[in-house]
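Below, chain A partners chain B and then partners chain C, in two separate complexes.
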Partner chain A sequence: MGDEQLHGYRGKLKEALEAAGVGIGDLLRFESGDGSFEGSLMPRVETADDWHVVLKLKSGYNVGIAFGEGAKVVRLGQAEKPEFRPPPLPEVKAGLPKVSIVSTGGTIASRVDYITGGVHAAMSSRDLLSIVPELSDIAAVDADILYSTFSENIDAEQWTGIARRIAEKVKEGAQGVVITHGTDTLGYSSAALSFVLRNLPIPVIFVGSQRSSDRPSSDAATNLLGVVSTAAHAPFAEVVLGMHETTSDTSIVFHWGTKARKLHTSTRYAFQSVNTEPLARYVDGKVEMIAESYRKRGEGELELMDSFESKVALIKFHPGFQPSTIDWYVDDGYKGVILEGTGLGHVSTGLYEALRGAVKAGVVLGMAPQCVWGRIDMDVYSTGRELQEIGVEPLGDMLAETAFVKLRWALANSDDIEEAMELMRRNIAGEYSDRTLYTGRFG
Partner chain B sequence: MDYAKLGLKVGLEVHQELATKHKLFCQCPPMLFRDDPEYTFIRRLRPSQSELGEIDPAALFEFLKGKTIIYEANRETSCLVEMDEEPPGPLNAEALDICLTFTLLTGGTPVDEVHVMRKIVVDGSNTTGFQRTCVTSLGGKLEVGGKTYSLQQVGLEEDAARKIADEGGVSRYRIDRLGIPLIEVTTDPVIYSPEEAEEVALAIGRILRATGQVRRGLGTIRQDVNISIVGGALIEIKGVQELNLVSKVVEYEVQRQVKLLKIVDILKERGIKATDLTDKPLDVSDLFGETKSRIVKNALSKGGRVLAVKLGGFAGCMGIELCPDRRLGTEMADHAKFAGGVRGIFHTDELPAYDITVEEVKALRKKVGASDSDAVVIVADEEESCRRALSAVVKRAREALEGVPSETRAANPDGTTHFTRPRPGAARMYPETDMPPIVVSSERLAKLRANLPEMPEAKLERFTTDYGINEKLARQVINSDYTQLFEEMMGEDLADPVQLAVTLTEDFRGLQRDGVEIDNISDALIRDTFGLLKAGKTAKESLPQIFTWLAENPDGSPADALKALDLGMLSGDDLRSMVEAKVSENREMVERMGDRAIGPLMGMMMGEVRGRAEAKEVQALLREAIGALSRE
Partner chain C sequence: MGDEQLHGYRGKLKEALEAAGVGIGDLLRFESGDGSFEGSLMPRVETADDWHVVLKLKSGYNVGIAFGEGAKVVRLGQAEKPEFRPPPLPEVKAGLPKVSIVSTGGTIASRVDYITGGVHAAMSSRDLLSIVPELSDIAAVDADILYSTFSENIDAEQWTGIARRIAEKVKEGAQGVVITHGTDTLGYSSAALSFVLRNLPIPVIFVGSQRSSDRPSSDAATNLLGVVSTAAHAPFAEVVLGMHETTSDTSIVFHWGTKARKLHTSTRYAFQSVNTEPLARYVDGKVEMIAESYRKRGEGELELMDSFESKVALIKFHPGFQPSTIDWYVDDGYKGVILEGTGLGHVSTGLYEALRGAVKAGVVLGMAPQCVWGRIDMDVYSTGRELQEIGVEPLGDMLAETAFVKLRWALANSDDIEEAMELMRRNIAGEYSDRTLYTGRFG
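And now, the complex of A and B:
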């Protein structure tokens, strides 16, 4: 009996289960001081204690029974192994636009094992079409798994990988590409690809979900239908992020890849456009454009600028911030730092010396707002003016996360600091907006 | 009926809302709201795949037709957890303690570790599409009428959202109720008659109330009843809200199964075979071009069709009554509604009727080639809906050749039931991965064991001795929702025991029968009303009027009621002058009858001052006034 068969069990309890020859799913009788319990053995969460056995009763309920002195395990029978029969694939309908779905992992790409509750990655075309059969009415979908990871593990290597896969798909004639991605760092990735994909001829849409697809209320299917349909038909050729617009399942909204931020830990509408209006909306089966000016579908030939500098930091200033923190980054060879300043873009005067040292060492310094909403202006207070004099670059209304990604990209795709600074100042992918619009209450 | 001979077996699942401070998985108060919702949101629930990759076809059909759900909410009674916008918080410890207390009272075995599960429900009553539920103990037993009934398990689960309306493709639910803790007590199938079923349900209710932590009012306790007879099938009947309906439900279900078995015999005798029944429906729309039937006309004008199937040899069977007002045809209609989302069916055992004429029926029979011994079923709706509906009708007809199909049903207000869905195979349940298991420690159990509440039988004895109320009245109090309030008010010496017991049981039931919504009256209002009585500010004769007013004005106070109803007590002086006036008006009678005049005078006076003066006082004043007159 290997480890896999007794997932999560440890110590004496595991030994007792092994001695009885019981594997996960097997029917057993467990006799303890409290009485006798019959059920199928269920796996145990790795982090749970080592003295409870989990049984699935005949009624379908799981219960935990304590394993103590004199407890006895009797194997009664073999597990009934459910045989997974994927449903038949829907017919491929002729004449539909071709949309490629590239899966990188996250909630949207997972399927739950209904017996153990374990989560598995599942985003082959087949899995996808079986979860959302209506996709076959919208587009000729091909789907493949590029990565299978939580989004907190995604970094520049994966951004580059995604970019190259998109380039292949464009070459193969895809009319739109959809990237499924965990939501935690979705905004970073959509910003990164916004800078990487130059001269993009088709829409590239990032999508995630906030509720796993095992639940009937999952937003995964609604989001997927909305983004695949939009990828197939939208007039724009931009990198965008598509998710629920509100708590209702009625519309999917498309944010500029550089302007979206996860502003809530758990809601379906966690992503919001910051300091700008979204690009478009999918409602009642159709795409509605909100932005007036955008890159049109079909123009240009895709080029990739797909390298990123790894020695860049995003640092949030706070009361009591120690200058030695800055020194550490300089000493460690960092090439750039985005400071998340207070208010219009400030840090304490106690940091001036350290910042001067950083500039002298050739570290690029940029200022982004920790307020999230609004624009940096370092001409209003003397602190701002002094920081500019030291060499801190004000980055307008760019999101701090976007500024961080952009600096990594700018440093890797330029020959010297001046060129990198020039890239930072230029509006490459809608990361700057000219005007700050009134949005009422934030979000 | 000879239930023993029929081999009747009944199991109960009693669900009772718990009066905890918070809901089961969040800090919202377990209460409902009456006003308009502060906000609404729209969702769709996608039938998810089973572990075998299968999707329930009927549920998928409903979904693809675009069934949407509107949820109503306000900020006082729900948060992001009920909206399925935030993971659940930890399981409410107070609720778990109540379950464990029940288990200790009934001798069950608590599980050592509680695992919360998700049970798939896609009708919209749960925003997630599943209900969170767990087993907290196994086994146990209770004694009723000298017999012992074994329990299967005790569980704890979240209550569902309240259905407000169902308008075509849109269901409206209010999420205030969602997440209120429910204890679920499941008996083994060891109950053998309708009366016993009701007795056991009552007994479980009594023990639940003994914990002192249950909610009251309509819908706060609900019974599911599992019923089978030999040769029939196990039928699960959901949502019996009134306790006194339990025996009716069992009785009618047995009738239904017996009749269905009789139909099997009839059809067998006629030599009908499943293969005789084909579900190739025929389009008969052209026969109804000139129809007067509003339903058919409507469907056709919307581009729908009329489809028909012949059920060979079924003539006369469709109209056989299974239980009051429920026929085989009604059963088929339930299945048609479920499978095709249609509003109903017509069958030839009931036609001509509903503005479908003799001529139309004749033409219909001719077109489908039906003889007098055949039945024909028609449906008017969108073509695909008709097809699905009729296919379900034929399937149900084939089942009628076999016996009783195993299914889940729901109770109607009269105790009959209707089909809701096929019985799920293995329960669709899987672990709630957002929550770690909860260990039930021996320290926790020891603490609960040391503080167990009094069992109902002991309480009954104490009520009769301590409060001097008779056994019948004491039993009524213990069987009512007000046991705890009664005891609290007695403890605080707030009322006369008999008066309070009668008010809370017989009087409240009487008012309820008259349509007064007693559930609207909070404990605080009941206390305050008796407070006024005790302070002499109102008379006991006024109580029914005050409670009626409070049920209609639950935000008002008893003092407001007195004002609104003009029921304030008369001052001693006012009453005295009224009495003196009455006596002098009737001087002649008093002179003639002397002291005996007090009887008729009392009647006249009370007619005027009932509720505003105590009878005792009126009598004393009359005696005085008559005495004064005769001294003159």
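And now, the complex of A and C:
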């Protein structure tokens, strides 16, 4: 057996599989303290441990079984290799709303190759409709591959590219646009497009998935069905991010593009709205609005403000953070820095001098919370007041990631620092939550 | 009226107060659509808005009242200035367990000066017992001021200083040590001491508060009572962080020192355990253990491994992150970098070359999640596998902040990179959670 044929297996388990003469796709019986399972051996693709064997059972389910003391592997023969053969494309039904799907890559646009174990980051319109044929009952779907990349490689160039493709789709009469995108930087991109797309007439929905579409636990199909239906029928014309609301498949939740953060590395409901309620959810085949106030679908003329400054950094403060690091950013020509401060918006006093130098050099400095939740308040402690005197702008309850994206956008779409600061302070796409008014007990 | 006497007031509200001839400490009547309130004017110290007037009512409570259209201010005279006069120290009762409180500063060790509005970051043993006299019923308390600083200024020098003071207290027979500390970097410090204090015989409890001790909503007294009682009686000998479990005063929860993160800028239960359950809670005057496995109180001889490398950085990856930034850290002589990657532990391929250069220069690279929750898994996608080939070490479910502190510790307490990496991989103070074993459905 070649290594390639035991893709993903390591250590003692791999030795046992080799000893039994078993390769990927072979039928085998696995006996352990937990019982006996028959199935075909699958490649390992999504876990870090080396003590689970993955079998595809006759029922079609994949199971992972722990390989412990006393476990035995018996080769039974060669199983039918799993194959991916798309059914013929469904017919386009007349009279359905037109929804455009623009693929940029990521897990939702991927499938596992069972021979190499690799995850392919590409999916055509044909693939999509063959995996989720129900889409053709919901909308007249067209699907393009714009990019085919893992989202950790997406930057301003792609944000601009996505914006221009959306503008084309709007011009062609799309009643909603869905952007499939890797989840790693999905929140950064949804924030970016929230600022770029001015006077938006239709819903623009970013969607990803945490498990590839050929896994029984995949969220790709339910996420796609929910977002395409919502793109076709929802009353809002906002940039949102749609993903599983809980572990259950029954509800897809739509976060404001500027308020969503990936908060778990692997669960299907990894994205959560921070400091605000989501905009809407899709449940029982219907869109339920949660927010009371939002931009309505309309006939407006879409405008793009689609440039981004590249010399902007997001810097997380930590104990022992050296002022020379700030100096380097200034010397390297950075035009803006979002500081992720501690607590209500603090950094050590040892950085004051370097920050003064940055301000003097014309670098815009904004403060966002490393706490994730809550609001920056630089009026409480002397540190915050001193940082404001130096020129650090408190950015309320904006997510640090959104603040970073917004500063790149504000600097590229203004003539001077004052105008950029004015954009930073204005609530443009729901990035600031309403302040909670109270007249009762204080504190 | 001088500015100082209207400390914290701004805009229209300040103008109205000036027009009425009212200063801090004056008795006034405030009339608005919500009713009429009489009280003495308090300085503003803890809110970012400029439309609330803060009054101390006769009942002693402070209220914040919105200043809106049509509101009126009438000066009634001069109120008695609030004063802080400590009662005599309670007697030390015989036979109680000895608990040492070491103060490093922060809100828990502060009180507001009602004349200047400033928050004073210092509290003596006398202050402490006069604010929370019940402490003397729980334990024979001694309290030292070790530092008097906001925690954003605490770094390795203070971590070492705290460790040495704890060692003295242990030698003097303390049955528990409580460290009061600002909440901003409380999680970094509790992680640091978790690695420093080897063979610990007693509980060491970090505690902070989110509201200063003279505010009706302060968590300072309940937190102190809970942690002192726990330090005196708990069965564990671990470094923990004790704070409010919920908004309610009824329960103080003890997070593992390496697993706690400040996740809200201002709530009293801002700290949460990430990827694991807390160790214990204090409720109804008793310590309830949550964890099944922990280090027991004992007679061991405390050892300190109390040095930290200063040339270590925590770098949060973001879209558009430039490779030249990595190059600068290498050129500046950094010995270690924790990357806060996206998703399962990724950065853009554009950084590969710079990371290869860092590894070649002997810089230790570790990967932690910017998602906060979940586990790094660099075996799933090609990006993760490629980063591992370059030499980036996946750090499981360790918090990024803990990984950063641990790398500073590991590099200072080992002879070479291999030994440091071995320390990084070993579970030393609960920083890695146990893997979840399962034998059922896969995915």
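By our rule, the second predicted complex is superposed on the first by the 347 of 443 C-alpha atoms of A that agree within 3 Å, B and C clash if a C-alpha of one lies under 4 Å from a C-alpha of the other, contacts with A are read in each partner's own complex, and residues count from 1 in each chain.
Criterion: a contact is a pair of C-beta atoms (placed from the backbone, for glycine too) under 8 Å apart; a residue touches a chain by one contact, two chains touch by 3 or more.
All figures in this text were calculated on a predicted structure; none of them were measured in a lab.
In the superposed model, A:T246 makes contact with chain B only, not with chain C.
By the document's definition of touching, of the two partners only chain B reaches A:S130; chain C does not. Once chain A of one complex is fitted onto chain A of the other, the partner contacts of A:I65 extend to both chain B and chain C. Comparing chain B with chain C, the partner in contact with more residues of chain A is C. Once the two complexes are laid over each other on the shared chain, residue contacts for A:S209 go to neither chain B nor chain C.
After overlaying the two complexes on the shared chain, residue contacts for A:T402 are found with neither chain B nor chain C. Within the superposed three-chain model, A:G320 lies in touch with chain C and out of touch with chain B [touch as defined at top].
When the two complexes are overlaid on their common chain A, residue A:R268 makes contact with chain B while staying clear of chain C.
In the superposition on chain A, A:A221 contacts chain B only, with no contact to chain C. In the superposition on chain A, A:L57 contacts chain B only, with no contact to chain C. Overlap of the chain B and chain C interfaces on chain A comprises residues 34, 45, 47-49, 52, 54, 61-66, 119, 211, 215-218, 265-267.
Chain contact summary for the complex, chain C toward chain A: residues 8, 32, 34, 44-49, 52, 54, 61-66, 118-119, 150-156, 182-185, 188-189, 211, 215-217, 262-267, 270, 308, 310, 312-321, 324-325, 328, 332, 340-350, 369, 371-383, 394, 401, 404-405, 408, 435, 437-443.
Chain B makes touch with chain A in their complex at residues 41-55, 64, 68, 80, 83-87, 109, 111-115, 117-120, 122, 127-130, 133-135, 138-139, 152-153, 155, 426-433, 436-437, 439. Across the complex, chain B is touched by residues 34-35, 37, 42, 45, 47-49, 52, 54, 57, 59-66, 82-87, 112-117, 119, 130-131, 134, 211, 213-218, 221-222, 246-250, 265-268 of chain A.
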